[in-house]
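As written, the chains take the letters A, B, C, D and E, and residue 1 is the first residue of each chain.
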Amino acid sequence: EPVKIGVITTLSGGGAGLGIDARDAFQLAIKQSGNKDIELVVEDDAQKPELAVQIAEKMIQGDKVDLMTGIIWSNLAMAVVPNTVAQDVIYLSVNAGPSALAGANCNANYFNVAYQNDNFHEGMGEYANKDYKNTFILAPNYPAGKDALTGFKRYYKGALSGEVYTQVGQTDYAAEIAQIRASGADSVYFFLPGGMGIAFMKQYAQSGVGIPVMGPAFSFDQDVLPAVGDAALGVKNSASWSPDLDNEASKAFVQAFKAEYNRLPSVYAAQSWDTANLILSALSKASVKDKDAFRAALKAADFKSVRGDFTFNTNQHPIQNIYVREVVKDGDVLTNKIVATAFEKHKDAYAEQCGL
Amino acid sequence: MFTALLIEQLLNGLQLGVMLFLMAAGLTLIFGVMGLINLAHGSLYMIGAFACAVVASATGSFWLGLIASLVAAAGVGALIEVAVIRRLYDRDHLDQVLATFALILILSEGARWLFGSFPLYLDIPKLLQGAVPLPGGGQYQLYRLAIIAVGIVVAVGLYLLIARTRLGMRIRAGESDREMIAALGVDISTLYTVVFALGAALAGLAGALVGALQSVQVGMGEPVLILAFVVIVIGGIGSIKGALVGAVIVGVVDTMGRFLLPSLLALTMPAAQATTIGAALASMLIYVVMALILAFRPSGLFAAQS
Amino acid sequence: MTLLSLKGLETFYGASQALFGVDLDIRQGEVVALMGRNGMGKTTTINSIIGLVRPRAGAISFGGKAIFGMRPHRIARLGLGLVPEGRRCFPNLTVMENLVATARGSEWTFGKVVDLFPRLGERRDQYARTLSGGEQQMLAIGRALMTNPRLIILDEATEGLAPVIRQDIWAAIRKLKAAGQSILVVDKTLSELLPVADRCFVLEKGRTVFEGAPAALTPELQDRYLGV
Amino acid sequence: MTRETAINLLLAALLLALPLIAAGIGEPFYVTLATRVVVLALAAVGLNLALGLGGLLSFGHAAFFGLGGYAAGILATHAFNAEPLFAGIPGTTSMPLIWLVAIAVAGLVALPIGAISLRTTGVYFIMITLAFAQMIYYFAISWPAYGGEDGLSIYVRNSFPGLNTAQPLPYFLICFAVLIAALLLFRLIEGSRFGSAVQAARQNGVRLAAVGIPPFRIRLVAFVLSAMITGLAGALYADLNRFVGPSMLSWHMSGELMVLIILGGKGRLFGPVAGAMIFVCLEYVLGGITERWQFFLGLILLGIVLFARGGFLGLLSGKPRHV
Amino acid sequence: MSEPILEIRDLKKSFNALKATDGVSLDLQPGQIHALIGPNGAGKSTLIHQIAGSLKADSGTIRFLGQDIGSLDMAARARLGLARSFQISSLAQEFSALRNVMLAVQAKAGSSFRFFRQVTSDRRLIDPAMAMLERVGLAHRAHVPAAELSHGERRQLEIAIALALQPKAFLFDEPMAGMGPEGSKQLTTFLDGLRHEAPMLLVEHDMDAVFALADRISVLVYGRIIATGTVDEIRRDPEVRRAYLGEAA
């Protein structure tokens, strides 16, 4: 009997690009493994929590999947994960890492292969200490946005010349950019995922304010860089991976992904690829039907991560390096190259509260 | 220092308002004049932005892209009118809501089918890059000034079209009694196709112009749609002047709210709390304003009908 | 010369039949009265001519051209001007705009309409929805004239009008008649309608039951068909 | 019995039978799917009271749906964490209690919203109700206490005396019973003196006032009743998903509720039920067939609105208008 | 003379520059039909609207049964006993004729907040409503939706609704409009009998009807009452002949 893996991800609507990257990488990894005993059930959540819940129920009760994965967004993860793990189904996160699931509410069935939401921001906060004393920070006014700025502030030692929460889905940032210009900041840190980030970066570049910008990888990754264009050149951003990361697994991944899909992979693709390979490694050691053994096999993280060294912390969130990348032009293509390592073997701040 | 910022923010509010007006103009035309609730207006806006981005990146010319956005949006608009909208004029608003809701799904997914799932690149044209000095020492982006200018031209043009031309009179006449205007010899269905295409073209134009500032992606029309409805309802349906005033009110209130509320609240509570609560209140603000205006003027500020 | 002719016209509202065979003809320059009790099909006949309801059977020709089944705006452009029952002025247009929005041809102008109905000149920029009933009736007639029709059709020409104004309307109709305008008119006030008409048609239950000169409509016939 | 009544009974029987069969053959997911149909139908029955009977095109009913949901989520969370709500009042996991709170909250909020919104008519009413819903939506997104945009998880489904709600079938039956009760209530109201007044207010408010019935009060009561039913549905929905988040308050949700009604046939007793059955099935079936499911969903919805006047029930019963 | 049922003093209403009602005072006496005539646009409908409450007067007082009703809304005035018809029929289009009248019966009973008892089997609504339809001669059309009634039938229905309210005064705005000669005659007879139930303010252009029915006539021109009197006085008044009657008198 094949192993069934349920992949719930966003394949339609405005946020589809991320989900498609995650799905594509996952499928490619399974295909490359040559493991014929894996059956994927892929469904589109359209970025709606209720729909994601419905699909999860269907996968658990109808398809009787052994493992679940694929969700991109924190709010969808919060809707799906607690109920999934409560039904003793193992869930592996390819992207979202809300703090609520990393601390006291961590769960033996929940593995986060991507990051805890604060991680990238913490990395950038640490790195910013090197050059900047006075930073203006902004993020959307929702939990992930607050986590982001909390993460940044956790390691940043300089002063804050402004802290602004923007509206979710906001598309015009003239008012915020004017505030930045007037604030006397020496740098700007922003977390604005998706179209918000594209709009902000374009408008920021057009405004000619010129104060250096930093952000997490989300606004400077392969899915959005073509849309931001040259405005992004030279911006420092933090991530756990970069296409130029110097290890065998990563090189093979980038090459395989490009060959298959004719585009560069994003961080989402990399995390998803790792998730697939983690599952494959555990499958080779234990049967999914034996939950305890399988969980132990997952926890061992005995696979070749594209991110280099990869281990799980007690709360089953990654211990990994956080890199600082810079947007560069490789021929015609905008991409990133690593310029520094902000943290080696970084752990998240919530693990201590986890009782596992 | 603070005064200069305040002035710049006021300008930003005004500019956001004009931008909103540009989005709302086509909607007012269709919605106010033809009495049709067109939820798919945001999709036409998206089509304009996509057409502009695709053509601009293929030809390297923003201006060709702008023309393409007009043509594409008007073309799709005319097609939709003939195939779908035409059957909805004498239906109630509910049927219009459902049909145009369906159109959103079709157009959004259709666009994703054609153009892929990733956002497209579209930048402002060379000609309009840079900033112009403002009296008092500040600077303002040329492109945004250009948008203000286009918005004003559209407002004046539309106002004259509807209020002064025979075409405008016939459109308004048809709104209240399609049968009668037909019985007086006017081919109302062709007229409406033209008007719908015109409204669509305006949406497309807005999409292209605003797309250069924002992200060109599937679903970009939705937040705009709601705001555009807010704008025309505040102004009073069917009134171009109302739409302009409504847009400026929304633009200024929103900008000033985002800017001032957190600092105002900081006077009464800890800063950390003030920023988040201020932001929360700011995002609700335009809806509060709209509810207040409608509570006191149930048919908007410049209602055409009393 | 026959301007308009109807033969065996049958019209339905959904499943219920309203016209069972209406015959009618109007010659150039003639004033024809269409009469009948309430609900006998006068308005339905008129709406069938102009195409606002689609007749199911019969023949209609106007100016020698078959117009059965044509769309209303095409029929109207052939030279039919309608003053509908209930006036149906465009409420959100001003008096002036109501008149010019659908104007065609050059003979009738705003000035001439105001000569005919001075009240409309005073109310020039007022929205039609705020006009009194009589003012709206004048506007509806003016609006139809502004399309320079070969045949003008008045459904309930003087309904709801004050006696003096009714006299004005009849005077206007006489003036139009004298100028050679062909007119089809429906009205309740026989004492005013009959003197103007050249010929009369009477409908009963959707059929033409009488055709002839006003004089031929004897008091007995009036009582039988119209309840007078 | 009219054809429509027969169709209604058939629909009800179908809706009850399918989950029973599914549970029998060990396909619990279809029970869950049917529960979703039932709960969305219930929400739409609420809206139908305002929209179908009263002609009040509320584009803000997601507010009441979401408030009901949050009532359930908040009470359950407080009970789960054993923290008092305020002033020492504890949370609860008892469904009947939660329902009462959800109904009361939705009604209390609907009262001022209705009182202000009903000053307007037509499209203005559509937009002002939307505005109120958006206010609550943005508030919920940015207010951190109950999860903001991430929403609230209900870790264990709330309880109902004598039934194991964690099992899909008992929970379905609870929801089904509530739906049937709401439909009966709707039928009663529709035929009552109040219902007459509500329908007359839709057709001609001036006429209603001219005989001496104040349309404003009639509409307000209809609006509040309608919000209360939709609020109850929200509480059930939260328990179904064991999750409540701001997306329940979003304008998409309001739109979806409207869509359900139009799809089934507005103002018709079973319109919301038929609409919810069609919509959820389409979403589920199409979503399983193709990634482009929204495109085809759009085409089908368009087809229905253009060619089936009076909605699905109008098509089947052969009467485009409901009288 | 007895106490007037309806007492209007110095009522004023302008639309921008236009004085639609310009200081109108008028009394409606018990048992009388008081006709209000005047050229088109004189302000008759505007006056009716102000009395019924669908328009708010700028100034002046309206007293009904001794009570100042100026600040009440339309529904409240209707409940006090003012029943009106509209110049253009205003009905609940989807309801049958019977249900239109039943609505009035339930309004009269003040029982619109009853949620359970079904109206379709409620004899307390149906019987009185049917009786009213019979009185106006519309019983055979009781179950036809208002939208499908002919013009004349709708006018009859409006009157049935007004009757069902058992009002203390009627306000009728051109009830004969659109009725053929036959219908007008019947309605004239009918209204004649109605004056004993409640007095009536009657706006009408049909002079045959007005002269046959009216106890008193007021002539409104440009928002002012230029003459009030009996039928004969009004017929003879040269000013009225010039402004309104023409040679019709």
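FYI, a residue touches a chain if its C-beta (ideal position, glycine included) is under 8 Å from a C-beta of that chain, and two chains touch if they have at least 3 such contacts.
Since we're looking at a predicted model, the values are computed, not measured.
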item: Shortest chain-hopping distance from subunit A out to subunit D; value: 1
item: Chains touching both subunit B and subunit D; value: A
item: Chain separated most widely from subunit C, comparing mean CA positions; value: A
item: Approximate Å spacing (C-alpha centroids) for the pair subunit D, subunit E; value: 44
item: Averaged-CA centre spacing for the pair subunit B and subunit A, given as whole angstrom; value: 34
item: Between subunit C and subunit D, centroid-to-centroid distance (C-alpha), Å; value: 52
item: Contacts with 2+ other chains: residues of subunit D; value: 138, 141-142, 144, 292, 294
item: Residue numbers of subunit A (touch at least two other chains); value: 12-13, 141, 146, 165, 167-168
item: In subunit C, residues with contacts to at least two other chains; value: none
item: All chain pairs that touch each other; value: A-B, A-D, B-C, B-D, C-E, D-E
item: In the complex with subunit D, residue positions of subunit A that touch it; value: 11-13, 43-44, 46, 48-51, 53-55, 57-58, 60-62, 74-75, 78-80, 82-83, 86, 98, 100, 141-144, 146, 165, 167-168
item: Footprint of subunit D on subunit B - complex, ascending; value: 31, 37, 39, 84, 87, 93-95, 97-99, 101-106, 108-110, 113, 226, 229-230, 233, 237, 276, 279-280, 283-284, 287-288, 290-291, 294-295, 298-300
item: In the complex with subunit B, residue positions of subunit C that touch it; value: 50-52, 71-73, 76-77, 81-82, 84, 88, 90-93, 97-98, 100-102, 104, 129, 143-144, 147
item: Complex contacts: residues of subunit E adjacent to subunit C; value: 15, 37-42, 45, 87-88, 150-153, 174, 177-185, 205, 207, 243-248
item: Sites on subunit C touched by subunit E in the complex; value: 37-39, 85-86, 119, 130-135, 137, 156, 159-167, 188, 190, 226-228
